[in-house]
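Okay, got some structures for you below.
Each of the next two complexes has chain A plus one other chain: chain B in the first, chain C in the second.
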Partner chain A sequence: MRIAAFIAKRLALLIPVLIGVSIASFFLIRLIPGDPVLLIVPETATEADIAAARERLGLDQPVPVQYLRYLGGVLQGDFGTSIATNRPVAMDLAQRLPVTLELVTLAMLLAVAASVALGVHAARRLNRLGDMVTRIGAIIGNSLPEFWLGIMLILLFYQGLGIAPAPSGRIDSALAVPTVTGLITVDTLLAGRWDSFLNALAHLALPVVTLAVATSAPLIRSVRASAIEVMQSDNYRCAAAHGLPEGRLVNRYLMRQTLTRLPALAALVFGNLIGGSVLIEFVFSWQGLGQWALRGMQVRDYPVIQSFVLVTATAYVLVFLVADIVQAMLDPRVRI
Partner chain B sequence: MPAAAPNRPAQRRSRLEPITAIGAAIVLAVLAAGIAAPWLTPWEPTQIDPFFFLEGPNAQHWFGTDGNGMDVFARVLYAARIDIGIALASVALAVVLGTAVGLPLGYAGGWVDDIGMRVLDILQAFPVFILALAIAAILGTSLPNLILTIGLINAPPYARLIRAEVVALRHRTFIEAAECAGNSHSSLMLRHLLPNALTPILVIAPLNCGWAILTLAGLSFVGLGIPVPEAEWGAMISAGAADVVGGRWWTATFPGLALFLTVLGFNLIGEGLQQRQAQR
Partner chain C sequence: MTAPLLEIRDLRVAIPTATGVIEALRGVSLSVAPGEVLGIVGESGGGKSMIARTLTHLLPAQAEAQGQVTLAGTDVMTLRGEALRRFRGRSVGLCFQNPRSALNPVRKIGDQLIDRLREHAPGGDLRARAVTALAAVGLRSPETMMGQFPHQLSGGMAQRVMIALSLACNPRLLVADEPTTGLDVTLTGEILTLIARQARDGARGVMIISHDIAALSKVSDRLVVMEKGLIVEEGSTRRIVTAPRHRYTRRLIEAVPDVTTRRRAQPREDGRSVVMAIRDIDVTYPARFGRRPAPALTGVSLDIRMGDTIAVVGESGSGKSTLSRAIMGLLAPSRGEIRFRGKTMSSMRFSARRGLRRYMQMVFQDPFDALNPRMSVEDIVSDPLRLVERDAARRSAAIDRVLVEVGLDPTFRTRRPHELSGGQAQRVGIARALSIAPELVVLDEPASALDVTVQAQLLDLIRRLTERRDRAYLIVSHDLATVRALCDRVVVIDAGRIVEEGPTEHVFTNPASPKTRALLDAAPRLYTDAT
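Let's turn to the complex of A and B:
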């Protein structure tokens, strides 16, 4: 029951943040000095065209009215129309969001699994070789530009060894399957095409590994620090002194307490992953949200930029919410 | 020598952590190479050698040439100026902006502080690099705009740090004594609180420089930063990305190594400073 109250409280706190996020993304495109209409209409537009565009876009209304209209639209799933392609932004979002989420989620799972294994391993061999290698590895991983790492992996595994597929999208076109969910791994399985599924996994391997390597350094450090703290606690030392079997000691005493702090940090890493995914999609010609937003940014397609910022920030805020709830479940002290 | 013994702990405290020294050596070496570029290579960063397009490393062009026939070694060296320069300028801007916001918030307290902190919460609800992309796309990519973009997105953590320090110091005896002595608000903030609140900032600033360089290179990589043919590591990697698939590895590899090494240097400095602070 107390966990339900905790979730309700967190949900209530979410609303002002989401309103703030929508205000910020609304005003973001008004950072530009001058009249936004002039950036939207073609250069050959006459006075009358400009006035018509202003009225059509509602820009002749006072700013608060404009914001409320924008918010009302967003809440009904209307994100405006792309200036460059004239397509409804919501349609593109629905098509591309799953593509990026699949990439980011797999990278996140890999990063968390690897970080827990490495961080705990390092803590149990404190100041010995395994620990040193992990710590140096974390500093190096933290310093690697992810887009360059991706290119180097392509150079090695595609160009050099020839074992990775070409960095040109999610699947070989000959093996493509109809889109149902937008998640390529799920769609290939739904189509019952084992060969397509394996091909999709092969295409996913390098981008997922690149993203995971570039973002797991803070996770590794945090897991290591928490594990060291747990191992020095009276609780753990007492259990160890009692001669509990190794497996029980690690699983029941070390892991559980170490992992209580992980969700909040994993949520932070999600923000880095979603930012990094823009670069990685560019490197691997991944037709996800990042590539779409990037094209919008290069031609200053304001509705696209605005929606991209709003959607990613909302996703980030929701991931934080989930992390908070998971943490409260793992660690009862948080609920107070 | 027995006479030297009492001095030892003091000496140890004033010495740098070894990894800070390694990091500083890396950053200074890259910076020196950038400044000394005209003496280290006969090629200009945007000079075209008409006889060598996309040639591999050789005696004349140590790191080879790119698709425009420009010398990759010269470009890698000259790029250090712009990458480190923009990083330092934007971090300095972030510190100033963060201080300008965080200091008064922590000093004022009450509802001003509450509102300010909620605004910071909202700004930090955006994934940092995405905010950088959007602001760079909207402001346009001139040099001052890039510094402004990277400075803006890095400012909120500084505002938080400064505010937290100021809140902790605000009711310490020496501050209240200064207040009783009739110091004005601005004098209290700038002369008494600020100098005492700066330490945590100095610790995270080097890490932030590394992050700023990665952000700049990332923006340039996708065409929203320094435009070609200007020598900048991210833009060079971007131009070289297509060459890699043809097996021409040098155009993307060398600028990436320089970028990695520089960021590593800043991160090592930051790591050392953090360890040192943790020991206290």
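Let's turn to the complex of A and C:
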């Protein structure tokens, strides 16, 4: 019951956050030089044509009026129409959001699992070889540009070894299944197509690994630091001094306490990924949110950009909500 | 005498640091017989804890230990790997100093206990045995506690759990390292008795490490007195407390606050102005969702007059800290009124209270916690001064004056807290409070975080300050003995209510409330007829 009240309170927080974010994004993008109308009318258009187009898009109204109209639309689930493609933004969002979410969620799960294993491993071998290798590896993974890492992985596993599928999207077209949830792994399973599912996983492997490698450095560092802190704490030394066996010490006394410090940072990294996976989407021809938003940005497609900002902000709030709940589940001292 | 359970021969521990080698132990030899309670006493830095750490292989990684340590026939120094793990817990059970930090914060008490039982004494219904073990250390609702987490326990409960954890390993030797730090006097006695009782079966040995010779004198058979890594005196507890031979032992004994020492100066007659009047206040902490708010103070009234020194005494959780916070205006009473310098402080807004703050100052329990580690003594003391003295030269002179007043040389100005000893740091805390000439000074357990001999010196300073009667002092303490020589009046507080109040001598000689009598009984004193 308390958790339900907590979730309700945090979801209510979404309202002021989204209003603030939408106002800021709405007015700020109109300050960026570049007129979307000029980009969509033919080169031969006259002044009158341009004015007509502007009027059709509602861009002739004062900005506050435009904002209120936009807000009214959003409240009814209408995110406007893309200036460039004339497609309803809501439709694009419904199509592309799951694509990106699936990619970054899997990457995040992989990154967290690997970081916990590597971070704890490093802490237990403090200043020895395993620790050094992990730390240097994390720094290298962090400093490689992710698109370059993606390309290298493609070169190695697709071109070189031939074990990965071509970076041509989420699934081979021959194995495509009807879209239900938009999450390819779920859809293939719903269609009962085991071959499609495996093919989708194969397509996911390289981009997921790339993203995970590129983002896990801060996670590894944080896990390692908190594991070291736990191992130096009185309670860990007490358990050791009472002669508890190694396995129990690591699982019950080290891991659990180390994990309690992870959710907040993981949420931050996750939030960044949702808005920042564009390069990887580009390299792997992933038709996700990032590519779509980037194109919208290039042509000043106001409704697209605004919706993208709203979606990212919502994602941040939700991810941090989940992180706080996980934290409370891991740490009895945290009350929500 | 039976063959010793623990035999330490010429133990030396050296810890190399950046500034040189610290010789923590310089050739220590001692033994513990089965069924014996050995007390190791000395002040911090004396090396006592290093003995416990050597026994459990918990010395810092860079430490070098030499010597012979044999426990129940096992050569402790050469233990490695699986043999060491088996030895730890089963042969030596260590009670850590701060039980709250020594318990795993994210694991249920019951599970932590079962972890140890399963490893060292398996068999039977582990859960039922864990409940029994909790009950055996005097915990009242062991069933509930099984499912609780360490942060839900009080300090005394946590220490009992710690003892239960150590005993669950069924060790041949139980070692308790400063087991009563931070506990009030009543609990200190109970916990030490509980630990000492573990030797009663005649097979187990008990080693209690403490700075508190008075507390040890009650429970230990033999005492070892340590100073600077050496044993300076050793013998039966009775002999040591009645006829100490070494100068350092005598100092430790003299430093025990004496419940019979009276206050010298008597307060002047009435007619002095009332600095603070507390009228029938209640303080209630906001309740957690769905629970009824529990009152922390109920119907408390108190007049503090200029020149008064009043002690507020009570056990942990009695509400004495709440009272000092309400007095400092850090908490608003939910009912009643607090008047300070003729103004009703309790109904003031926070910003208006700021003007009154300059007339009241507080000295905190842990001096290092209360001093900004990055600031010099000069900056620390002059911070409040800045509010009242704009002129830098006069401010500087005032700093020198107040440092001398608390017994510190003005050359201390440039030092930072980490360059101070505990006693010096607390003097700086007092200097900071006195710097702006407040009318009311609240001292919250000002000496309890300090070593005993330092404690005595600090209490002496406070006594001298209070005898000037140029301001009002309120001293919060759990220890009646320390306040007898300091205070004119005593207020005994229990469960949020004042249960006794009166002139110090009257309260000490004719305690009316059973709580006061209990506190008097618990006051530390040397047990010269220990058995």
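Please note the rule applied: the second predicted complex is superposed on the first by the 279 of 336 C-alpha atoms of A that agree within 3 Å, B and C clash if a C-alpha of one lies under 4 Å from a C-alpha of the other, contacts with A are read in each partner's own complex, and residues count from 1 in each chain.
The rule we apply is simple: a contact is a pair of C-beta atoms (placed from the backbone, for glycine too) under 8 Å apart; a residue touches a chain by one contact, two chains touch by 3 or more.
Values in this document were obtained by computation on a predicted structure and should not be read as measured data.
Enquirer: Contact-wise, after the overlay, does A:241 reach chain B, chain C, both or neither (first, second, both, neither)?
Expert: second
Enquirer: So in the superposed three-chain picture, is A:272 touching just chain B, just chain C, both, or none of them (first/second/both/neither)?
Expert: Touch status of A:272: first partner only.
Enquirer: Who does A:317 touch here: chain B (first), chain C (second), both, or neither?
Expert: Touch status of A:317: first partner only.
Enquirer: Applying the touch criterion given at the start, work out whether A:307 contacts chain B, chain C, both or neither, answering first, second, both or neither.
Expert: neither
Enquirer: Between chain B and chain C, pick out the one touching the greater number of residues of chain A.
Expert: B
Enquirer: Regarding the shared-chain residue A:256, is it in contact with chain B (first), chain C (second), both, or neither?
Expert: second
Enquirer: With the two structures laid over each other on chain A, which partner does A:152 touch: chain B (first), chain C (second), both, or neither?
Expert: first
Enquirer: According to the stated criteria, A:196 is in contact with first (chain B), second (chain C), both, or neither; which is it?
Expert: neither
Enquirer: In the superposed arrangement, what residues of chain A touch both chain B and chain C?
Expert: none
Enquirer: If we count contacts the way the header does, which residues on chain A are in touch with chain C in the complex?
Expert: Touching chain C from chain A are residues 2, 5, 233-246, 248, 252-253, 256-257, 260, 330-333, 335.
Enquirer: Give every residue of chain C touching chain A within the complex, in rising order.
Expert: Answer in residue numbers: 56, 58, 85-90, 93-94, 96-98, 101-107, 111-112, 115-116, 119-120, 149, 151, 165-166, 169, 288-289.
Enquirer: Could you list, by residue number, the parts of chain A that touch chain B in their complex?
Expert: These residues of chain A touch chain B: 16-17, 20-21, 23-24, 28-29, 31-32, 139-140, 142-145, 147-148, 151-152, 154-155, 158-159, 166-167, 271-272, 274-276, 278-279, 282-283, 293-294, 297-298, 300, 302, 305, 308-309, 312-313, 316-317.
Enquirer: In the complex of these two chains, what residues of chain B are touching chain A?
Expert: It comes out as residues 118-119, 121-123, 125-139, 210, 214, 217-218, 221-224, 234, 237-238, 240-241, 244-245, 247, 249, 252-253, 256, 259-260, 263-264, 267-268, 271.
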